[in-house]
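Take a look at this one; I'll ask things after.
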Amino acid sequence: MPVAQNLMTKEKIREIIAKRAAREFKRGDVVTLGIGLPTEVANYVPDETRVIFQSENGLLGAGRLHKGERPDPRIINAGGAYVEPTMGCCFYDTLMAFTIMRGGHIDATVLGALQVDGFGNIASWMIPNKFVPGMGGSMDLVVGSKRVIVVMEHTSKGQIKIVQKCDLPLTARGEVDLIITERCVFDVDKNGLLLKEINPIFSLDEIKASTGADFRVSSELCEMVL
Amino acid sequence: MPVAQNLMTKEKIREIIAKRAAREFKRGDVVTLGIGLPTEVANYVPDETRVIFQSENGLLGAGRLHKGERPDPRIINAGGAYVEPTMGCCFYDTLMAFTIMRGGHIDATVLGALQVDGFGNIASWMIPNKFVPGMGGSMDLVVGSKRVIVVMEHTSKGQIKIVQKCDLPLTARGEVDLIITERCVFDVDKNGLLLKEINPIFSLDEIKASTGADFRVSSELCEMVL
Amino acid sequence: MKKVVSVHDAIELIKDGASIMIGGFLSCGTPDKLIDELVKQGKKNLTMICNDTSYPNTDKGKIIANKLVKKLIAAHIGTNPDTGAQMHNGEIEVELIPMGTLVEKIRAKGAGLGGVLTQTGVGTILEENKETIEIEGKKFIFEKPLGADFALIYGTKVDSFGNVAFYGTTRNFNTVMATAADTVIVQADEIVECLDPNDVVIPGLFVDYIVKREEV
Amino acid sequence: MKKVVSVHDAIELIKDGASIMIGGFLSCGTPDKLIDELVKQGKKNLTMICNDTSYPNTDKGKIIANKLVKKLIAAHIGTNPDTGAQMHNGEIEVELIPMGTLVEKIRAKGAGLGGVLTQTGVGTILEENKETIEIEGKKFIFEKPLGADFALIYGTKVDSFGNVAFYGTTRNFNTVMATAADTVIVQADEIVECLDPNDVVIPGLFVDYIVKREEV
C-alpha cells in the first residue's frame, strides 16, 4: 500500500471522492446517486448549480435528510432514509421512475462498484455465493444514464478494483464514462482508461501499482482538486 | 325488404337496438361504447345496474351530456361531446385508457360495424378509397374487451351487413361475441352464428333472406324484448 | 427554473421539415395557441404525430388546412374531412395507427424500450409488412418506438420547475409525448410558482419551455 | 361501490400456493396490516412478487421470517439478511430482476402487451437463457409479462368507488400491481366517500376490496 494512503482517514478518502464527483455536474443537471458513498456527493454540490436529485423510489427533487423529530414515513429516498423534498419536487411511481432512468432522461449517475475496467464495464451487484443483494435499479440506471460516474476507493482492503477485465458478474457492459477514486480520475473512452487527474500525494508509479488495468496518461494530466 | 321494416322509423330501429343492448350488462360492469348508435345504449341502462362507462379519451365514469349553457371544454367523451362526470369518476391519460382497454379490464364493449360474420370477424374502420376515418381506439378495444357486442341495423340501404365472410378490411379477427340488430340477436360461438332472439314482426325467412351468413336457430329461440 | 418564453420564441425553434408531436384529443387538451403560432410562422414539410386532426380549420385542423404537413401519423382522421381529402389526392402521406399502439410506441421511445408487442391489429391489414412474434401460441405485432424533434403539449397548471398538472380529460397524449421528444414546449392555462408535488402528472425534467396561454 | 371488508376476510381469500404481488419500496407504501394478517393466517408456499423484502422481521420481512414463501421475485434483497440466508441454504428460490424490468413486466401483464424489450441486462448474466432480439443494431432482452393471483397494495386515500390517491413516495409498485392481479386488495390509510377525480392515481375499476388501516 502506498505510504500516502496512511495519511488519509476513511472519512477523508470519502470526502475527497465525493467532493471531486460533485464538480462533474452542469447547471440544472438531473442526477441520480447510488446508495452509500455516492449519496455523500450531494453534500458538496453548490446550491447555485441547481442540480436536481432523482430518487428511483419516486421522487424528483430529493433534498437533505429529515432532521426533525417526527419524519414523515411516506417520504423516503432510495436508501430508505426520510428526506425533505425540495421546492419544485414531485412524486411518481416506479414506472415513471424507470421511464426517466432507462429512457435517457438522467444527465449523470454516480454509483459505487466492486470492479470496473477499461472497457467501461462495471460489476456492482453481486459476488457469487457470497454477496447477492440484487441489482435493484442499478442496471437500468447505468444503461439509461447519459453519463455514468463510478466513485469508489481505489482499492478495497488492498485488493485491486480497477481491473484489466471484470470477472465478477457485470451490472452493465461498456457504460462507464468516468472513474473517481481518492488517488486519481480516469476517463473511460473507446481506447480504454485515460488518467487525467492525480492526487498529488500519490506518484504515478503508485497509481500504476494499484491499478490492474493498462491506462494512458493524458498529456494534460493535472492535480486532482482536493 | 321485409314489409315489417316499413313499420319502424329510423328512431324506432335505433331504440330497439339500444334498449336490447342495454340488457346485456351485469351489475358494476365497466363498459365502453362506440360513437353513434352505441352511445344511445347508455340511455336505457337502469341506474341501479351501476354500469360504469369508460371513455378512451381518459374518463372512467362518463355521465350524461352536459345540458348547461357553459360546458367545461376540459371534460369531453370520446365523441368530443361535453359530458358531466358521474360521482366516483376519475380522469387519466391515453396510456392508462389503453392499459384498461387492451389489458382486459373492460367487461363489455358495444360498437357498430360495417360488416360482421360468423367467424367473429368485424370490419368497422374503413372502406378502401372511400371512407377512411382511421381505427381510432376500436382495434385495441375489440381485442382487449372481455365481451364484444356489435349493434347495427340489420342491413344498410338494403345491403347485407352480416356476411358469410367479411371482405372489408377487418378491425379484428374472431372477437365478436354478440350481434344485435332491430330484427334479431345472434350469439357468435365457435360454430358460427346462433339465432337466439327474433323481433316478432319479422319471420325467420325474412331474417334468412337479409343475412348473408349461415346460422343455426337456437332450440330456445325466443322473442326479442322490444 | 424552466424558461417561460413567448409563443413566438418557442415556435421559432422549430425548423421546416421537423417532426412534431401535438397533444390533445380532438380540441380537448390541445395546445391551440402554439398551433396558431405554428401556422402564423408557416412552418413547412412537417411530420405531425397526433391522435387526430380535430375539426376543419380548428386547432390541429388549422395545420392541415394550411398544408404545413408532409406526413401525418395519427389514430383517427374521421372528424376532419380536409385530412381525408388531402390524403386521397396525395398531398399528404397518412399513416394510421391504432390509438393504443400509437400511445405505446411513443411511450416506448420515452421509456427507452425496444418497441411494443401488441395483439391489436393481428389478423388485419395492419399486420402486412410488420414483424410478428409468436409468444405462447399467440401472435403479436412488433412496433418500433416513435419519437419526435418537438412535442407541443398542453398543461392546465404548470409551475416554474416545469411540473405539469391537469384538469379533466385534458391529459390524453400530452403525458407520453412529453417523454419522447427532444424539445418539449408546454402551453399553460396557468403558471404557478410551485405545484403540490402530489398533484404533478408530468415531472418537470421533461419540459423545456413554458408558454402562457393568454385568455382571449 | 367496492367492498370495504375486514382484514381477516380479505386475506382469507388467499389460498396456500397463491402468487401475490406486494407493493412498497422498503417500508414506504407497504400494506403492513395486510401483511400482518397474511402472517397471522399462516399462508404457505407463496410466490411473492415485490421490489424488496424490506428489513428483518419488518412488514414484507415478516413474510420471509415466517417462511411463508416458496419463490420470491424481487429486484433487491440486500436490506434483509434473512432473505439471503434462506436463499443460500435453499429454503426459498429467488429470482432477481432489475427494478425497471420488473415494473415493466408487471405493466405488460396489466396492459395486455406481449412482453418487454429492454437493453437492461444485455451483456450480463441476466442475458443467459433469455431470448434476445436485435433492433436497429442494438440487442434487447425479451421479458415476459408477469401477473399474480393477488395484489396487496397500499393507498393513502381510497374512495368508496375504489379510486386510490397517494401521498409522497408511497406510489412505487402499487400502481402497476393494481393492474396485473386477478384480485386486488388495497389497504387504505383513509377511506373517503369520493376523491376529486383529478387526484386519482389508480382508477377504481382495478380495486376489488378495501381494508382500512386502523391507527395503532
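Residue numbering begins at 1 within each chain, and the chains themselves are lettered A, B, C and D in the order written.
The working rule: contacts are C-beta pairs under 8 Å (C-beta built on N, C-alpha and C of every residue); 3 or more make two chains touch, one makes a residue touch a chain.
None of the values given here were measured: they were computed from a predicted structure.
Chemist: Going by the contact rule set out at the top, which chains touch both subunit B and subunit C?
Modeler: Both-contact set = D.
Chemist: Look at all chain centres (mean of CA atoms) and spot the one farthest from the centre of subunit A.
Modeler: B
Chemist: Between B-D and A-D, name the chain pair that shares the greater number of C-beta pairs in contact.
Modeler: A-D
Chemist: Using the average of all C-alpha atoms in each chain as its centre, how far is it in Å between subunit A and subunit B?
Modeler: Taking the average C-alpha coordinate of subunit A and of subunit B, the gap between them is 57 Å.
Chemist: So what's the Cα centroid distance for subunit A and subunit C, whole Å?
Modeler: 36
Chemist: Counting in whole Å, what is the centre-to-centre distance of subunit A and subunit D, each centre being its mean C-alpha position?
Modeler: Roughly 29 Å separates the two chain centres.
Chemist: Indicate the residues of subunit D shared as contacts by at least two other chains.
Modeler: 104, 107, 111-113, 118-119, 166-168, 198
Chemist: For subunit B, what residues touch not just one other chain but two or more?
Modeler: 91-92, 98, 102, 143-144
Chemist: For each chain, which other chains does it touch, given as pairs?
Modeler: Applying the touch criterion to every chain pair yields A-C, A-D, B-C, B-D, C-D.
Chemist: Of all residues in subunit B, which touch subunit C in the complex?
Modeler: Contacts found on subunit B: 55-59, 72-76, 78, 80, 91-95, 98, 101-102, 129, 132-140, 143-144, 169-174.
Chemist: Which residues of subunit C touch subunit B once you look at their complex with the stated criterion?
Modeler: 25-29, 51-52, 74-79, 84, 87-88, 96, 98-101, 103-104, 107, 118-126, 156, 166-176, 201
Chemist: In their complex, what parts of subunit B are in touch with subunit D?
Modeler: That would be residues 30, 50, 52, 54, 60-61, 85, 87-92, 96, 98-100, 102-105, 143-144 of subunit B.
Chemist: Okay, in this complex, where on subunit D does subunit B touch?
Modeler: 1, 107, 109-113, 159-161, 163, 179, 194-195, 197-198, 200, 203-206
Chemist: What part of subunit C is in contact with subunit D in the complex they form?
Modeler: It comes out as residues 104, 108, 111-119, 133, 135, 138, 140, 144, 165-168, 198-199.
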